[in-house]
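Next up, some structures in structure tokens.
Next come two complexes, and both contain chain A; in the first it sits with chain B, in the second with chain C.
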Partner chain A sequence: MSASWVHAVGLASDMAIMSLLALSAYLLLLVGRVSFGQQAFFGLGAYASGVMSALFAWPLAAALALGVVVGALCSWALALPTMRLSGLHYAVATLAFGEMARIALSALHWQRPTEDGPVGPAGIEGFRDIRWLLENDVSAEAYLLLTLGLLAAVLGLLMAAERTRLGTAWRMTGQDDVLTAAQGVSVARMRLLVAALAGGLAALGGGLYAHRTTYIEPALFDPMLGVHAVGYALLGGLGTALGPFLGVVIDLGLLDAARLFPGWRMVIFGGLVALFLRWRPRGLLDEVLVHRLGQWLRRQPPAQPPNPPTAP
Partner chain B sequence: MNSSFPSLPSFPSFQSARLAPWAAGTLLALALTLPASALAQSSSRPQVGLQCVSHGSGPMLECVVDLRRRDGSAVEGAQVMLGALMPSMPMAHTIKPMKAAPTGKPGEYRATLELEMLGVWSVEVDISGPLRDKVARNLLVHECPGSERCAATPAKAGDDVHMGRHRPGAHGGHKH
Partner chain C sequence: MLDVVQLLLDGLLDGAGYALVGLGLSLTFGGLKRLNLAYGATAMLAAYVGAWLHIRHQAPAWLVALTVVASAALIGLYVERLCFGLPRDESTQPRGAPIAGADGREVVALASSFAIWMQLEQLAVNLLPRHLNAFPSLAAEGQWMVAMDVFGSVSGVAGGELMLRPDRLALAVMTVLLTLGLARWLERSRAGLAWRAVADHRVAAHLVGMPVSRLQALGFAAACALSGVAAFAMLSLDAQVTPMFGMWVLLKGLVAAILGGLGSVRGVLWGGLLLGVVESLAQSWLGALAREFATYALLFIVLVAPWRASGRSAL
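Our next item is the complex of A and B:
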């Protein structure tokens, strides 16, 4: 197996996992929330699912599911006291929660002795030996397929949801919550629901990441991760769930992997986000472009004129 | 949702409603095809020694991996892949992995990674062949003046994440 192939598989896995985190930031942006704390739910999901598979030998699917539940519940619980906050205040509150969660994970010690030494979270030293994939002989390629399958499922479900009244209500809430409430939509309920979904998505990404790398530590879940998630959503666009995925492809796929601008990647990525915020604030795939693309895709081909009768 | 909510035009999303059953089916199928986790297996894990030195611009990180079984015998014929990522920014700054070549000494493999910057790097050792394992070590890659070769030391809490400032008295790598 060549190093290039290993790199490609790893990069594709990272892009799929990062897309889940970016989608969680995207969901909150849809309802008018800018969260710099999604990395906390990513980390909580990583730890929760890692603990269940490494310490309690849970199957991967069950461990990931528990991680999703933990992330969703924590995000929902955070949304309750921050319901009345808006704009900058909400963003700072989520940032503070992200740091609280990271510090809490730094203090978490929960180890179990094994033949190869203690396994489990060891505070700031991290959590090693999340070995489910190795013990079950799951290859990196098979795991990539699983990750891509989960991402495709999430994208499909979100895109389907956006076509319903629920999805419309999300966008209305993000555009003008007072008008939305006047239409009879419970803004609070929408935001709580989206917060829980976003937390669950971020936690799913965290669980997948923990099992892919076999090693996690609190330092992984610092604010830069959450800032990037928001940046990917803003860059790719808020018009469709494909937008955050596009943002990840642009940054990780083009700028990082292709090494087009070595040493300047972060500068270019930051510059792109700044330019987009100025000139295209809803991102590349914004609502207008998505609407036009949808019209173009739905356009019926012109009716063929009947064949003229042929002379006998 | 309140039943008085009016019918509003929904945003188009490429026939996505048709994708939903397929997406849900994919999710379920993939989850079911992965086997259940085995309980803690008897250990056949190798002991992994990792020593790295940095040099040059980039910088370059030259690592030697020493693989031993529990009885101390060298693990020969293994495929060893080295990679690195920055813990401060997971999934970015991911370095292209390099295949480690046997050095000629039993159980010893060597590879050189081209890093993007100084600081704390998590070096991943992916082992396949006679044994399969994956371990990660956090190393602090120091600034190394001129043509010197500086040992990458185990990273500790409080190490500068990006700058890789040298801690006096820090030497060498460590063993698993």
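Our next item is the complex of A and C:
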């Protein structure tokens, strides 16, 4: 197996994991919230599922599921006190929460002795040996397939959800919460639901990340990670759940993988996001483009011209 | 008793630094009602330009100071044009903002200045790739020991000595003078009146013939120049600059500015001092991690506190 193949598999896994985090930021953007704290749920999910599989020998699926529950609950709990904040104060509050979670994880010591030495979160030194994949002989390719499968399932579910009344209510909430409330939709309920979903998604990404790298540390979950998630969603577009995925592909797939601009990736990515926000504020795949694409797809194959009515 | 006084003193001196850092941030917010998240990165890139001059060309401290302030203002202009220079009065409902509600444009500016943050930080690291970079030092040698016999005689506790770094004290005095001077200038001068008019009602300011867009750019650049002043003052005490500086400036400044009520110039001073004292107490009771935690916990509590229910939109 060549080194470039290993690199490609790793990159593809990273892209799928980052897409999950970007989708969680995207969901909140849909209901009109900019969160700079999604990295906290990513980190909490990573720690929760890592602890379960490394310390308590839970199977991967159960550990991931528990991570999702933890992420969803924490995100829901954060949404309660921040419900009434304006956009700016909400963004700063989530940033503060993200840092509080990171520091709390830095203070977490929970180790168990094993024959290979102690295992578990060791504060600022991080959490080594989340070795479920190695112990169960799961290859990197199989894990990539699992990650991609989960991402595809999430994307499919989200795209289906957006076609329902619920998805419409989310977009309404994001467009104008007062008008939405006047239509009889509970804005608070929508935002709580979406916050829980977004926290769960981020935690799922975190759990997958922890098991892929076998090592996590609190410093990984700094605000830059959350900013990237929001950046991917805004760059890719808010018109469809495929948008955040496209943002990840543009940044990680094109700029990073191609190694075209070593050292200048952030300069270009940051500039791109700022320019996009100025001239295309809802990203590449915005609602207008998605609608046009949908129409265009529906027109293929071209509809049969109606037969002229023949006079009897 | 004496160690508590020492803690409070340390906290107040640290807090003055936070207030200095938050001053420009609060001024921008007061004028534009927008939060500039690229603020810390602006200060950091400017400091890196200064450090580059210092390291590569052995520039003297005064030249570095001038360079840092001037480049902070220039970078501020760039940030303003790219992220905040949008014609905001074209309609009340901008077409296709990410968040189209009342604060749609606010969120666009927030997100795009966040993107510029990453850009500026990377530029700084490209300029000087090492983690630790030398910065001209103005730190004083040694510290003053202030005899505190007063406490001994008044409260019956044994007297002792307080440690006081003269350079820190000079920084605190400078901060207080700068803040009060700026607040007074905003209230008394014609330029300050113009800035407040733009902040108060852009359309009305435009109707009476004020060049709103140019004033906004000028004010923004001035606030960023203040961040350059703060960056030079803080870094010359440490004699070094690291890539963590941008994040530090933004977060400490943001907490100080929000504690003091975003947009209020005198408030930043109180916010910074409060933050400094809380951090200092948290560190002495619970350790270094708690100091960091206290910063964010304080910020979070102030943001979500129920007693702010009425003033939430006004801030």
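The criterion applied here is as follows: the second predicted complex is superposed on the first by the 299 of 312 C-alpha atoms of A that agree within 3 Å, B and C clash if a C-alpha of one lies under 4 Å from a C-alpha of the other, contacts with A are read in each partner's own complex, and residues count from 1 in each chain.
The definition used in the following text is that contacts are C-beta pairs under 8 Å (C-beta built on N, C-alpha and C of every residue); 3 or more make two chains touch, one makes a residue touch a chain.
Bear in mind that the values here come from a model prediction, so they are computed numbers and not experimental data.
Q: In the superposed arrangement, does A:Q175 touch chain B (first), chain C (second), both or neither?
A: Second partner only.
Q: Does chain B (first) or chain C (second) touch A:A188, or do both, or does neither?
A: A:A188 contacts neither chain B nor chain C.
Q: When the two structures are overlaid on chain A, which partner does A:G263 contact: first (chain B), second (chain C), both, or neither?
A: Both partners, chain B and chain C.
Q: Looking at chain A, does chain B or chain C touch a larger number of its residues?
A: The partner with more contacted residues on chain A is B.
Q: Once chain A of both complexes is superposed, is A:L108 in touch with chain B (first), chain C (second), both, or neither?
A: neither
Q: Of the two partner chains, chain B (first) and chain C (second), which one does A:L289 touch, if any: first, second, both, or neither?
A: The answer is neither, since A:L289 touches no partner chain.
Q: For A:T240, using the defined touch cut-off, is the partner it touches chain B, chain C, both, or neither? Pick first, second, both or neither.
A: first
Q: Where does A:E135 make contact in the superposed view: on chain B (first), on chain C (second), on both, or on neither?
A: first
Q: Return first, second, both or neither, reflecting whether A:E162 touches chain B, chain C, both chains, or no partner chain.
A: A:E162 sits against chain B, while chain C stays out of touch.
Q: Considering only the touch criterion stated at the top, classify A:A152 as touching first (chain B), second (chain C), both, or neither.
A: first
Q: Of the residues on chain A, which ones does chain B touch that chain C also touches?
A: Touching chain B in the first complex and chain C in the second, residues 224, 263, 265, 287 of chain A appear in both lists.
Q: Touching chain A in the complex: which residues of chain C?
A: Touching chain A from chain C are residues 35, 82-83, 86, 94, 96-101, 103, 106-108, 110-123, 125-126, 247, 251, 254, 258, 289, 292-293, 295-297, 299-300, 303-304, 309, 312-313, 315.
Q: In the complex of these two chains, what residues of chain A are touching chain C?
A: Residue list for chain A touching chain C: 29, 32-34, 36, 81-82, 84-89, 91-93, 96-97, 99-100, 103-104, 106-107, 174-177, 223-224, 227, 230-231, 234, 238, 263-267, 269-275, 277-278, 280-282, 286-288.
Q: Using the touch definition up top, name the residues of chain A that touch chain B in the complex.
A: 1-4, 6-7, 10-11, 14-15, 17-18, 53, 57-61, 63, 114-116, 124, 126, 128, 131-132, 134-138, 142, 145-146, 149-150, 152-157, 159-160, 162-169, 171-172, 183-186, 189, 209, 213-215, 217, 219-220, 222, 224-225, 228, 239-241, 251-252, 256, 262-263, 265, 287, 290-291, 293-295, 297-298
Q: Please give the residue numbers of chain B that touch chain A in the complex, ascending.
A: 1-17, 19-20, 22-24, 26-27, 29-32, 34-43, 45, 79, 81, 83, 85, 87-94, 96-99, 116, 120, 122, 124, 126, 128, 132-136, 138, 157, 161
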